[in-house]
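Just so it is clear, A, B, C and D label the chains in written order, and each chain counts residues from 1 on its own.
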Amino acid sequence: MSTLIKNGRIITAEQDYIADIYIEKDKVTLIGENLKNQADKVIDAKNKYVIPGGIDVHTHLDMPFGGTTSIDDFESGTKAAAFGGTTCLIDFAIQAKGTRIRDALDIWWEKAQGKATIDYGLHMIITDLPDAHMEDMSDMVNEGVTSFKLFMAYPDVLMVDDATIYKTMKHTSKTGALVCMHAENGSVIDLIVQKALAEGKTAPIYHALTRPTTAEGEAVNRSIALAEMAGAPVYIVHLSSNDALEKVAEARDRGLPVYAETCPQYLFLSLDDMGKDGFEDAKLVFTPPLREKWHQDKLWAGLQKNTLQIVSTDHCPFCYKEQKELGIDDFTKIPNGGPGIEHRLQLLFEGGVNEGRFSVNRWVELISTSPAKMFGLYPRKGTIAVGSDADIVIWDPEFEHTISVHSHHMRVDYSMFEGKKIKGNAETVLSRGEVIVENKKFLGKTGRGNFLKRDAYAGAWD
Amino acid sequence: MSTLIKNGRIITAEQDYIADIYIEKDKVTLIGENLKNQADKVIDAKNKYVIPGGIDVHTHLDMPFGGTTSIDDFESGTKAAAFGGTTCLIDFAIQAKGTRIRDALDIWWEKAQGKATIDYGLHMIITDLPDAHMEDMSDMVNEGVTSFKLFMAYPDVLMVDDATIYKTMKHTSKTGALVCMHAENGSVIDLIVQKALAEGKTAPIYHALTRPTTAEGEAVNRSIALAEMAGAPVYIVHLSSNDALEKVAEARDRGLPVYAETCPQYLFLSLDDMGKDGFEDAKLVFTPPLREKWHQDKLWAGLQKNTLQIVSTDHCPFCYKEQKELGIDDFTKIPNGGPGIEHRLQLLFEGGVNEGRFSVNRWVELISTSPAKMFGLYPRKGTIAVGSDADIVIWDPEFEHTISVHSHHMRVDYSMFEGKKIKGNAETVLSRGEVIVENKKFLGKTGRGNFLKRDAYAGAWD
Amino acid sequence: MSTLIKNGRIITAEQDYIADIYIEKDKVTLIGENLKNQADKVIDAKNKYVIPGGIDVHTHLDMPFGGTTSIDDFESGTKAAAFGGTTCLIDFAIQAKGTRIRDALDIWWEKAQGKATIDYGLHMIITDLPDAHMEDMSDMVNEGVTSFKLFMAYPDVLMVDDATIYKTMKHTSKTGALVCMHAENGSVIDLIVQKALAEGKTAPIYHALTRPTTAEGEAVNRSIALAEMAGAPVYIVHLSSNDALEKVAEARDRGLPVYAETCPQYLFLSLDDMGKDGFEDAKLVFTPPLREKWHQDKLWAGLQKNTLQIVSTDHCPFCYKEQKELGIDDFTKIPNGGPGIEHRLQLLFEGGVNEGRFSVNRWVELISTSPAKMFGLYPRKGTIAVGSDADIVIWDPEFEHTISVHSHHMRVDYSMFEGKKIKGNAETVLSRGEVIVENKKFLGKTGRGNFLKRDAYAGAWD
Amino acid sequence: MSTLIKNGRIITAEQDYIADIYIEKDKVTLIGENLKNQADKVIDAKNKYVIPGGIDVHTHLDMPFGGTTSIDDFESGTKAAAFGGTTCLIDFAIQAKGTRIRDALDIWWEKAQGKATIDYGLHMIITDLPDAHMEDMSDMVNEGVTSFKLFMAYPDVLMVDDATIYKTMKHTSKTGALVCMHAENGSVIDLIVQKALAEGKTAPIYHALTRPTTAEGEAVNRSIALAEMAGAPVYIVHLSSNDALEKVAEARDRGLPVYAETCPQYLFLSLDDMGKDGFEDAKLVFTPPLREKWHQDKLWAGLQKNTLQIVSTDHCPFCYKEQKELGIDDFTKIPNGGPGIEHRLQLLFEGGVNEGRFSVNRWVELISTSPAKMFGLYPRKGTIAVGSDADIVIWDPEFEHTISVHSHHMRVDYSMFEGKKIKGNAETVLSRGEVIVENKKFLGKTGRGNFLKRDAYAGAWD
């Protein structure tokens, strides 16, 4: 099988030039002017951008939460991702308390294999780390699971204490793995939540109002301090507020290996989008919650200045009906999460490139190159170069589109960005050389996605 | 009983002028030029400074710690304080875990009554705060115990968790009391300490080397965040490092009611003073420990800029013989603390005024006025004004003195500042109008000191 | 002549206590409880504050500007000041280009003598500094003119170049005098103004719109750099914007002797108060101009944190009729300046104390104590202490008042703060022991005010 | 003519992969795995890095200064550059005061044509800008001279005033050209220099001691403020101190288009290298001068964090004999400048990559990609991509070398970095597909270099 992409404007995190790309089997083997090579398939990319496929490093497919399960599994979730130009994702396996982390890996492989339509990796969530199991972390790294997520929130469920965090980081400082941190002070939030419930404040908006940005900033600062003492890098997930951003910026100014991602919901939505009558707000219940609108500008600036290196989705979809409704009488019962896997590239292109905040190169860097470099997938993924996997998106910068539940491919019964107008779309999508999206159709086979053994975090890659 | 102080240069936190002071019984009743009033005693203060007596808001007299007890009790400790120009102190009562805080107050009253030779107040250390006992905190405020100390260090002994801190602060936000925080991340320090011991690092210097400044900075930041969320002020005790200082400065720049003290040992001593052969370093084992020398300049700058408002001593004396020696084979067994109650005014006068870092007014502010204002004793204490308690020091700015165990009045068998040369001394000391130190003799009666019912923290006093 | 002030609540920059004050001739000679002294006059100050008289360090009385003269002379101006509780001011003598600064001093003495009703000092504005005249600066210091103002704005009229600024500062670094800086980049502003006029933008609001805050921030930074290189302190006058404030804060954080004042107009008015039809905006044409409203909060915060040490008025009154109207067709012809000398204490009391931004002590510090200390008048002025001049204001904190042209005592035909409601008023005003304002009447004799020989800036007074 | 580079590790600002490069005539036309194409020349780059040729955006070849002329002309200078792996440079044409800038361009073309051995562009130095000549700036942009340099130093020679700077920037804000700024406060420096000379301080080291870092920081801040008001970007040349760096960082944090370069001499040399006996220090007389050593770490950190985007050389060589000696009795007569064009890539590779400060990608970015993007040469230069000029360096990362006057190719009779040991060298150098350096021989023809018409600065490229 061979493919020739003709006349496209090739855009990577650095480059911007017009050339032809020849793909043999699953890899790019040739880039040149007016290639004459025979190919099984020829794609004309004239006036289109040719970019490396998007990489979403934060998704929760088929994840049990509060008595229900996130509605997209590895099949529907990866298909929706592909429609949006994402050709690789990293999901989270979750250690059940009292079990070994190895078991969690097996469970998540089970969920993914035979279903995933694009390549995927796994992070491991650690909820419990008896000294006797410390060695299991090394095994994970050998299996290509080179990042561990810890929670400073959700006491009694997922939260680990400072000693556990420090021990984990001390371990990763030796293996080269990376700790991903959910940074919110769960102890305080719990007290605030209990007080709200006691006062009869049960509506969905109280989910947002009981999680102050100060609690996020505090936890980010603490996780950085723990990482500094352990001599390890740390990666803050779903950073949502300026409080948190300032802590990351300050650490980076001191030269520490501190990194962070944000998500489209924090860039495009705010508390102004909540406050609706009835239970509608439940659609926007995820953690961290939406913030006051002014935080958005700060987050965009963080993307511009590389204080934030990555945009992921934290895709964790629950239907409004039956799932979100579990919390109709009590916001703490609403499954936390929102659907976003499909529109990350579009939203960032609109808000970043079309609105003049950053270059098209920076866009590629945020949605593909940095994710690949941070999580041990580069240069296999994340760029267009000879020898790299042919995970390639033909992007039509002129295509106009309105985001809607009626047209999206996620299984969820609403859209967080309903009605948002976008210019720019993933027209054709290749995964390892195979066209999987074309003419708005999904052409890939279910289960064709491979598990990716990732390298360890490579040290100061930036 | 009446006293007339003639011709002195009266110096307060703001003023600097020459006048006579007339004291009737225990209070200043008249300030004027060339007063002709008859007085039982006349003191000529020509060419001397006349300042409000020093207030030391951080002492540990007669305190049990690690199987022994701090060697100065309320008698010897207050006498040594008086010799140094300190006429008021605030000590710490300690709640024993599982008991009510009221009990601790009774125990400490017992320790102090009949012994204290100067006036004293008490802070309350909370180690345990079941919801059922929350109300006891209000009782304390009514008793004039308007400040509560919490520990973020010493797990299993004194450390409380974030939820307890938040609940305490939430309570003080209503009563107007002030939380005093020992800010170090005890969980991480414990792991570092265990590792050091496991590696056979048992010498006293490892006490210092196992308590990184990052652990202090982190805890300061966390305590500020908790205070901000609770809507309460917070006062950081014995701040020792630039890491911590920057967090306080940042909070104050944002206008938060965040305050901090440092102590002479952090201003004059550093790791350079450790590293001696044998067990000598044990004399400098206290918590937080000594830091690298460059932190000193930052702390002095913090005093200049009012990032730090107060200098206290954290006086907690243990003899080298028999007490410090408890840890001869294991630094974790060394009783933590050092003697300092006697030389605070001298050291600050030398390093601050004589060395040109700040004015004599700022010196008075740091050692008397701010302590009084912060802890609800002003204007009764902390200034020289009509109506105030006649706690007055006649300070000879020219007197030269060398600090030494051989001349000090503390009970401890060594001096942290042995050999340090000083210009400036408390020549005559009055407590409530009574001359208690004169001609290098202590004239006051044992037990003459009164317990001070303090007002609640008054809000933004600065 | 003797006066006894009974029962007042005496408030200084530090203190707050109730006592009686006895004044003999022009000085405070006694402060005490229930003084029984005979006095020629007894004032009952029960329930009133007794504060040191206000000191306004920035006024322009009887000043020629753009073909007219500021409408208050030393008689009307000092009377208005006194009604507002200001008992001392420092005005500016202006060197005419090509003349010696000594001549300017003589001219301003002429203006003031026989007219001033309160004590006054003079700063010297230098417009021209040939090397041959450098020594004249030393003479000024000996005359008690210990501060020199330079302009970085108004090219060809008042502006001096960087070399002149540096030379002046180098000189003051030896004499201990203080350079006061009007900091705006006049060269750039002139180009922006020319462009506006060329585009037909002649209305008064263009005065404000052609003077960007960046031009102020730049000049503040430059003046600080020049001062740092010269080893001299610098005092920024009428600081109006956050851009400028940040530069001062940054310098102070580095420990430099950099100081700044702001004025009530920048704290209470903004561009939102401009944009009126017709020529009304001319009433608010002064330099620096009004800024966007958000700067106000920053300036208030600067007062709270002591980034700003003083509030002066920059009182420079021109009537709307005939004076302001000179610029009816061209905003550059409008005489720059606004009237404010009368309401400084009231406005700061309202915005600072009544609105909870700072304590009554800080209020006294900003309007009296710091001005006295900064400009070599302390402790003669700026405090209430035995031996100080009896410049004292009996302040009624409960008096309610509406600022209006109809009730003010300045000669100008409008008020910048028309309609502003205030609580707090100078009920009785003493200057050197003499009651000059009582029962809303001015009782002092014209010309009774003395020229004040000021000490040189005392070095790091704070 | 065609060339095939086999097996090299291709490194760009983003990428790092192994592939073959095929060059037809002057351009890269094909990149692929195991290319079988016939080629006139085949280069085996196994185990070598293949990088885009270096671009030095700051050189002064054949430049008159203080009665002499920089000793490298466009022939010797470009050859030395090529030996060091630099295949493109941008030199400065200088407007003589009172003439039109067009004339300067003709003079510099004359200097370069027939001599340059690599491609070159020109910046234009403006010394004089009467309104009548403003339009000439637009002509320059059309000629491909899209950057203008201004001096804030050297009064009466090159220095322009703030009004001229603002007018120039206002103009570039329309044409898209970029102002390059020599930022030092020349007025103050001149006074300090005069004082030093008057005190008999004539030795070379006084060149450094009379140019405080504060004067650089001030000018950087001022140039940024002027740029901000003009709505134009600004590029600070040869940034040498932390004072200046902080101003750039602060502006970039606010999102302003502010950029800066530093040079190897500021990264590797300091005042510690001066202070030699006799006249030796003259070899290190350039402007800005060397700074205290601690600034080096700050500059390296600036390169890491992208506060600094480019490293250039400011190559301006004068022989020690006869040229530097002009100032033997008076440091102000020493021609300012040092030789550096040949060792930029080596030094940055050593200090950056070998010493672990940044990645090999960042190294390429600093010495080639960012220069090309900033100055309108990208993607023609600055990357390795299909369609780009084949300016390519085969870099041997293992080659060990000691910098010395005895082996360098510059005409100057000393080396600033004499004895410095380096690992890494430009083994083979191609300019537009032609091998110009191979086996330590220069193979290119004199005069083969082309003048480059550069695009205007493209807006926010980063």
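By our rule, a contact is a pair of C-beta atoms (placed from the backbone, for glycine too) under 8 Å apart; a residue touches a chain by one contact, two chains touch by 3 or more.
Small disclaimer: the values here were computed from a predicted structure and weren't measured.
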Between chain A and chain D, the fewest touch steps amount to 1
How big is the gap, in whole Å, between where the Cα atoms of chain B centre and where those of chain D centre? 58
With centres defined as the mean C-alpha position, give me the chain B-chain C separation in Å. 40
Cα centroid separation between chain A and chain B, in whole Å? 51
Each of the following residues of chain D touches two or more other chains, namely none
Applying that definition of touch, give me each pair of chains that meets it. A-B, A-D, B-C, C-D
Where on chain B does chain C make contact in their complex? 10, 12-19, 22, 29-33, 252-253, 255, 301, 304-306, 358-359, 362, 369, 379, 383, 385-388, 460-462
Using the touch definition up top, name the residues of chain D that touch chain C in the complex. 161-163, 166-167, 185, 187-188, 190-192, 212, 214-215, 217-218, 221-222, 225-226, 228-229
